[in-house]
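One structure is given below, represented as structure tokens, and several questions about it will come after.
As written, the chains take the letters A, B, C and D, and residue 1 is the first residue of each chain.
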Amino acid sequence: MTSSPPTIGVGMIGHAFMGAAHSQAWRSAPHFFDLPLVPRMTAIAGRNRAGVDAAAQRLGWESAETDWHALIDRPDIGLIDICTPGDTHAQIALAALRAGKHVLCEKPLANSVAEAEEMAAAAQEAARSGVVAMVGFTYRRVPAIQLARTLVADGRLGTVRHVRAQYLQDWLSDPESPWTWRMDRDRAGSGALGDIGAHIVDLTQFILGRELTQVTGRLATFVDRRPLPDGGTGEVTVDDTAAFLGEFEDGVLGVYEATRYALGRKNAIRVEINGSRGSLAFDFEDMNVLHFHDGDEAAETAGFRRIVVTEPVHAYVGNWWPAGHGLGYEHGFTHQVVDLLRAIAGGAPAIPDFTAGLQVQRVLAAVERSEQTRGWESVAGPGS
Amino acid sequence: MTSSPPTIGVGMIGHAFMGAAHSQAWRSAPHFFDLPLVPRMTAIAGRNRAGVDAAAQRLGWESAETDWHALIDRPDIGLIDICTPGDTHAQIALAALRAGKHVLCEKPLANSVAEAEEMAAAAQEAARSGVVAMVGFTYRRVPAIQLARTLVADGRLGTVRHVRAQYLQDWLSDPESPWTWRMDRDRAGSGALGDIGAHIVDLTQFILGRELTQVTGRLATFVDRRPLPDGGTGEVTVDDTAAFLGEFEDGVLGVYEATRYALGRKNAIRVEINGSRGSLAFDFEDMNVLHFHDGDEAAETAGFRRIVVTEPVHAYVGNWWPAGHGLGYEHGFTHQVVDLLRAIAGGAPAIPDFTAGLQVQRVLAAVERSEQTRGWESVAGPGS
Amino acid sequence: MTSSPPTIGVGMIGHAFMGAAHSQAWRSAPHFFDLPLVPRMTAIAGRNRAGVDAAAQRLGWESAETDWHALIDRPDIGLIDICTPGDTHAQIALAALRAGKHVLCEKPLANSVAEAEEMAAAAQEAARSGVVAMVGFTYRRVPAIQLARTLVADGRLGTVRHVRAQYLQDWLSDPESPWTWRMDRDRAGSGALGDIGAHIVDLTQFILGRELTQVTGRLATFVDRRPLPDGGTGEVTVDDTAAFLGEFEDGVLGVYEATRYALGRKNAIRVEINGSRGSLAFDFEDMNVLHFHDGDEAAETAGFRRIVVTEPVHAYVGNWWPAGHGLGYEHGFTHQVVDLLRAIAGGAPAIPDFTAGLQVQRVLAAVERSEQTRGWESVAGPGS
Amino acid sequence: MTSSPPTIGVGMIGHAFMGAAHSQAWRSAPHFFDLPLVPRMTAIAGRNRAGVDAAAQRLGWESAETDWHALIDRPDIGLIDICTPGDTHAQIALAALRAGKHVLCEKPLANSVAEAEEMAAAAQEAARSGVVAMVGFTYRRVPAIQLARTLVADGRLGTVRHVRAQYLQDWLSDPESPWTWRMDRDRAGSGALGDIGAHIVDLTQFILGRELTQVTGRLATFVDRRPLPDGGTGEVTVDDTAAFLGEFEDGVLGVYEATRYALGRKNAIRVEINGSRGSLAFDFEDMNVLHFHDGDEAAETAGFRRIVVTEPVHAYVGNWWPAGHGLGYEHGFTHQVVDLLRAIAGGAPAIPDFTAGLQVQRVLAAVERSEQTRGWESVAGPGS
């Protein structure tokens, strides 16, 4: 007879969109994956009592706190899950790590390189005591993306030449869409660049297994002022769109575009990679599919293969449904907590760690500098 | 202050693939939908103690029984969820309905028309006491399919002329794939016809809001014997594939094909409908998308629209994630229990009910008769 | 020094849509292909002087006749190209063959099996004197279709199980579209069945390299009467749509549908084939592409390949443009005359010959009989 | 009775790939379009007698010259068609214009801005005498591209925000592909930038009806030396790939990429445009299709429409085949000569003229400067 695996108490801070996605992940993971450590949805924190109580009920948490410090103080909580806006990530993560709690932190890691550096240093320090810190670039956990990385790592693409990546949304296409705090630089840090550009920077670096070293780009704000709910207009102080060119350490050329103005594209994350032996193409609008061109095929029958990534042999897939029964957006979050719990239990590395989150932050900062200097900026450059 | 909604105890029988899908639905529904009645995962039944205990643990049920009758006897259970093979549906459902329990029964409703008739009659009888019975044609709950039905019902297709539907799988393409009980007519009832053909019959009748009245078809078994695990071979006594033509009450012409031999198609459910004002196309391999051609568009810019059915305005979608963040296979099951619970609470009709399940059974039986008679058979014909 | 190849005078009868397509082929072929026999566009025939003179001018023919017998009598004409409606094919072809002229005859070969039989017999007789007769199933000459046939012939699909084929048009979707002679059985022979159904019968038999032996189908006329130009309505005496099931000599199961009511599909010829080792899919709406699933690929990276059939290695392609520069509808006609001229010069078989055209006619006749008998009909059956 | 239209003698210089494409256009145009001026394929020029004689025969020209000056001197030639490499365009075009001949010149207009300026000035001068000069950006004549321009001009896209364009080929993916003169800067001017980047610059400016004003980019050469036919290696002195960001006069943001290393993409010209009211997407791999998202559609049924641009109502299409019968690569060349002949006859403007060709040249030059300065460059800047 087998004994049950140990449990770990989770404390989650924030209960908006990301909080709901994380909750579904904590709840689902134990029912589909063999876990060395079983999560308990111990407590959730939010700023006001009525809101956080309702969230605990709706999202399925055992208790609720109105001060996130309380989660860190609780001995029944071993893991802090940060789902708040970026301007609070640093203080929460630092406190948690110093208290010896494992941390899962939503992306982007922080609103500035300085904060991210402090967090990465703290995570490295904590790692010496076996404390694990992970940043939530969840799109890495899409099975098709895992397959993409495997193909690159296995050399199926040969020498990589090109990556082109786009993250296209359209919720600001209409100039009359209302102003929100996401258009305020003081609170949001940046606009499309940090919100969605961060994802394609991380995704492409992950798939390629290498890093961007220099960039030059253009940030644009197409609509300067937007209607406020109570009449009048508010100023938009972040970028509506970010486009940039990038170069990787070994000469791979990257072309990136992140925008909230691509009318008709709701959440289109597209990545294409070309190498001397093969090419890949992915679009999150068809997230269970990876297109792969194998350059070794005979010319007569060569072509991009539409791989439906729903076979048991594909990463994570075998734990869900039979072949052909696709996964959805939320499953990446479940895979994320599975990987995190395995890392805490010692069976796997914690990827992506805070150092990886910091590196993405440096890329974003370099793009912002390039908008000022109108030239190329080193990712490792001054002020980074 | 609002009071909590009442709860209902659920007892589920069976814990294979369908049991896992249903469990995820019972668990998830209360966290995403406002329910008038909250399900408790009270008990699960299976045939042997070790298996059912492990399943209860893995799938998240509070208790486990080794005899399904025990579920029906338990006063803390108000709803029986039948996830067993088709040859046991009738006895369980009849016992449950007679005991005043609500019933959710997996498809196909039964292995014969006679059984299905008895079940439908019992369900109609039970309905007089407010007992609800529903059959699990879960693909109806895919948001893109809901939109398809709405467009037809709203007259956007005008007079419908054609429906063509295919359910393509490939797990028997290889003649060396092993024999399983699914190839035994005594146990499985039929092969591709009942297993997957049933789905496209139900789906198309649902979208069109009308019924097939006569059919003629061809059942084929491409590989007569398959390897047994212990050496030797077993006889295949069911159909490998079913193709049939059908006519609807108002002259719509249907062309159907269900097969386990379409190499490369894992779970491709395709439906196309053509009318005098519009056309639709759906493929479950891209399940968050519906293609719609609006015949009222100007010739210069007319074309099939690729509608990404992930907007808050689409059925069920607003309860999940923001626009563009697609759902997966499993979400249909959650929608199913949401609709069932609402029906039990009196706020909505129970669709599809057992009468609808019976009608699908009659279509399948008529296809089988046509294979014998080599002619057209009425769905309401003798022996149906 | 090389001498110029000999020439052959062509006489074409008919100058509507098909006449224009054939003219472009005769004109283009010598400039892209090395021909053993160079065509001269010697004369065109039509029924009235003004019309045929204008056609000769517009389509580029050296002279014009108002009686097709004149073409057959002319000694400077060695090849008769029949582009008239089906009810005149037999008499023209028989006269031409008996006069020792080579013949290219548009499809369908004739309006009845009896006529087709007489034509096939005459062609076989003429073949003994080296006279060549070919029927114009031009879609065979699309490079992607040639590749499909090659893959089947090379065994890349293994044992073939399924073929599904559709020819979808929409020009009758609107019930107010006017009546034309194509809706008159006396003149057109049949409707969708003979006009477009003939193409998918030929295409699939060609790709598979085997023949349909029995069929059962349904012909439907959705709109009985249509507006006449001068007011009033005319009766529609042909089928609007034809759907049928078919069985090939070795058990391959076919599902066919031809319709003029698939709103939004202008000229969608779709063919899918599934075998034990591979699958194919083609759609003429994307005519330069063939989708191929190779069952020998590893499960992790298997998928339908989108082969862009524009490489020099593909049939006919190397004579046109560089890789990636696609061909259009009309190029099949050029390939057809190239193959015909090579057959006449003795370097290649004349495919498809009149016997092949007759066999298609028999399939169509069997489908029509099955509409009457409501059962399966042998392609070689009575009256065929 | 109508009199025949006047004729114009054409003299073509060059008989490689472009010469063949132009020849097919001159030959086909009169048979499909009503022309105010009918072209005669009077003479072709090439450098050696055997080659040019064979070309005249193969491509269908009445006579052949070994010195292009002879064409300009011939009184029976009214139009010079320049299909030679870029380094000879200027001298031929200037001579032709000064002799009062109309000119069609292949793209890019010249190998330098200085040459292009001289040509544009000469063309403006000649225009005063009714002489027409056109540059061969033939992709403008694809019906789907014409529709794209119309939709933008009609305001269907509202305020345009984004354009992203890629021209992807793969013939240099393999580092062992041999060296050719196209890799020699002295002869080819530039690599991917001028050869294929020029097309997407022109296409996007044409569709948008506005011009790029500043750019910054990156040119890369992935493989420095390539094998020579006779052993040894040759140096690659042009760009293998060009990626650049651009800004239009009114703030539209452009992202461009042209490469010969996108393995699996043979001739993929992709253009996407996003505006406040609509979006467009085009891919030359599916050249008869334009995708259009109409932002005015209801959210429930909004989506990118796949417009099959083969209706009689679409530009040029009505002169070819019935709806649904697609065109190929070569048809754009026929449309080009149709438009040119109409311009010469006075019925239409000559678009794109040499001034438009010059402007594209300035964009390319600015991209090259930006590679040196590592910053943004004005299209109208110094040295342009």
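The rule is simple: a contact is a pair of C-beta atoms (placed from the backbone, for glycine too) under 8 Å apart; a residue touches a chain by one contact, two chains touch by 3 or more.
If you want to know which protein each chain is, UniProt gives these names: A, B, C, D = Gfo/Idh/MocA family oxidoreductase.
Predicted, not measured: the structure shown is a model, and the values here were computed from it.
Trainee: Once the contact rule is applied, which chains count as partners of both subunit B and subunit C?
Mentor: A, D
Trainee: Which pair, A-D or A-B, has more C-beta contacts?
Mentor: Result of the comparison of A-D and A-B: A-D.
Trainee: So which chain is farthest from subunit C, going by the mean of the CA atoms in each chain?
Mentor: A
Trainee: Report, in whole Å, the distance between the mean C-alpha point of subunit A and the mean C-alpha point of subunit C.
Mentor: Here the centre of subunit C sits 54 Å away from the centre of subunit A.
Trainee: Report, in whole Å, the distance between the mean C-alpha point of subunit A and the mean C-alpha point of subunit D.
Mentor: Chain centres of subunit A and subunit D, defined by C-alpha means, are spaced 42 Å apart.
Trainee: Please report how many Å separate the Cα centroid of subunit A from that of subunit B, as a whole number.
Mentor: The answer is 35 Å.
Trainee: By the touch rule stated above, which residues of subunit C touch at least two different other chains?
Mentor: Counting only residues that touch two or more other chains, subunit C contributes 265, 302-304, 308, 311.
Trainee: Which residues of subunit C touch subunit B once you look at their complex with the stated criterion?
Mentor: 159, 161-162, 164, 166, 170, 173-175, 216-218, 220, 222, 241, 243-245, 247, 251, 253, 255, 257, 259, 261-265, 272, 274-279, 293, 295, 302-304, 374-376
Trainee: In the complex, go through subunit B and note every residue touching subunit A.
Mentor: 17, 20-21, 23-24, 27-28, 30-32, 58-60, 169, 171, 265-268, 284-288, 308, 310-311, 320-331
Trainee: Within the complex, which stretch of subunit A touches subunit C?
Mentor: Residues 147, 150-151, 291-292, 294, 297, 299-308, 311, 313-314 of subunit A touch subunit C in their complex.
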